[in-house]
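Structure record follows, encoded as structure tokens.
For clarity, chains are labelled A, B, C, D and E in written order, and residue numbers in each chain start from 1.
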Amino acid sequence: MIICKVVGHVWATKKEEHLNGQKLMVVRETENGGGTYVAADLVGAGIGELVLVISGSTARMALGGNNTPSDMAIVGIIDNLEMETT
Amino acid sequence: MIICKVVGHVWATKKEEHLNGQKLMVVRETENGGGTYVAADLVGAGIGELVLVISGSTARMALGGNNTPSDMAIVGIIDNLEMETT
Amino acid sequence: MIICKVVGHVWATKKEEHLNGQKLMVVRETENGGGTYVAADLVGAGIGELVLVISGSTARMALGGNNTPSDMAIVGIIDNLEMETT
Amino acid sequence: MIICKVVGHVWATKKEEHLNGQKLMVVRETENGGGTYVAADLVGAGIGELVLVISGSTARMALGGNNTPSDMAIVGIIDNLEMETT
Amino acid sequence: MIICKVVGHVWATKKEEHLNGQKLMVVRETENGGGTYVAADLVGAGIGELVLVISGSTARMALGGNNTPSDMAIVGIIDNLEMETT
């Protein structure tokens, strides 16, 4: 899992039908150089919140199965993060 | 998912048979340093459009199942993107 | 597998239900530029320990199957590591 | 999919038995900094040709199923590539 | 597949039970900036040898199936490698 901040929203009218109903958010990693991605939200996350993001087939499974065409999902809102800095 | 701009087309006459009928487009990430990839189009995207691209087994599933030899797919055309810049 | 040091903990009250009961730890690679990730712990690892971390569907499988929404897992505590340096 | 040039061959006498009969070629990405990998060839590609390369479980599936221990495959020979340069 | 040199060994007494019996070796890519990883050995590779390494679910399958918690495997010992240099 990667640690991200929710930084935006994305809208697509023309999309693969199984994306209907998914709330798509723009997330940016807080570590590892700050990659920016789009993830489907499973936990009601809002802009500015720190979240846990999963990728690949694990995201697809969490989003409901083989037909969901999303390879990233927000699966937790971080309350507390304690870590040694580099 | 990654955010890409459609920047080109690619043609391959000699190819794995299950690629027949797939429209292959060249996409370039607008974030994360701008990687360039080839993705099969599921939504009728055109050159210059901003799109959502998925990877890995999730792309293969969206393209029709285990036999499709493509690991990237365009699954949405972005109408509106709102995000904080870095 | 990647070699990581356990550097912290993360707590999320609001999370996908299948994450309940997973102990989530922050791990940092000791090689490859030191990426920082969150992994579910399977072996009782503690802060400061050197561990083996797996990713993707292999982590999900090790954590119990298709429903577990975690794509990284700690699967071993390293006792001894012998390697040529670059 | 990534765009690669075929740049070499690799031979391994001692190998996992399900690699027998696979033609293993060295490929180098023409984009994204030029990573070098080994892929099993499905389309009769030759040195110097521009090809489409897939990765992960999608490559394994294209190569014949769960038992094939290769995570990269050449699935098309590029005839024509039109793209905007950066 | 990536081309690696075997550079070391790793031992973990406390580990996920399905790792028992796996010989875990430290491998370093000879290309692509030289990433360092831990892979389970399937072919009897020794320190200093050039090997082919696979990743992800393909490694897990080669190592015996869904329960094996390793996402990298050594599947061939390279006898001969011919490639154009960059």
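As a working rule, contacts are C-beta pairs under 8 Å (C-beta built on N, C-alpha and C of every residue); 3 or more make two chains touch, one makes a residue touch a chain.
As the structure is a computational prediction, the values presented were derived from the model and not from experiment.
J.: Through what angle, to the nearest 5 degrees, does subunit B rotate to match subunit C on its C-alpha atoms?
T.: Subunit B sits rotated relative to subunit C by 145 degrees.
J.: Just curious, how far off is subunit E from subunit B if you go by their C-alpha centres, in Å?
T.: Each chain reduced to its C-alpha mean, subunit B and subunit E end up 31 Å apart.
J.: CA centre of subunit C versus CA centre of subunit E: separation in Å?
T.: Centres of subunit C and subunit E (C-alpha means) sit 19 Å apart.
J.: Among the residues of subunit B, pick out those that touch two or more other chains and give their numbers.
T.: 56-57, 59
J.: With chains as vertices joined when they touch, what's the shape: line, ring, star, complete or other?
T.: ring
J.: Name the ring's chains in order, please, starting from subunit C and stepping to subunit E first.
T.: The cyclic sequence of chains is C, E, D, B, A, beginning at subunit C and stepping to subunit E.
J.: Note which residues of subunit B are touching subunit D in the complex, please.
T.: Answer in residue numbers: 7-16, 18-19, 24, 26, 28, 34-39, 47, 56-57, 59-60, 66-72.
J.: Quick check: in the complex, which residue numbers of subunit D touch subunit B?
T.: Residue positions touching the partner: 1-3, 31-32, 42-44, 52, 54-59, 61-62, 73, 75-84, 86.
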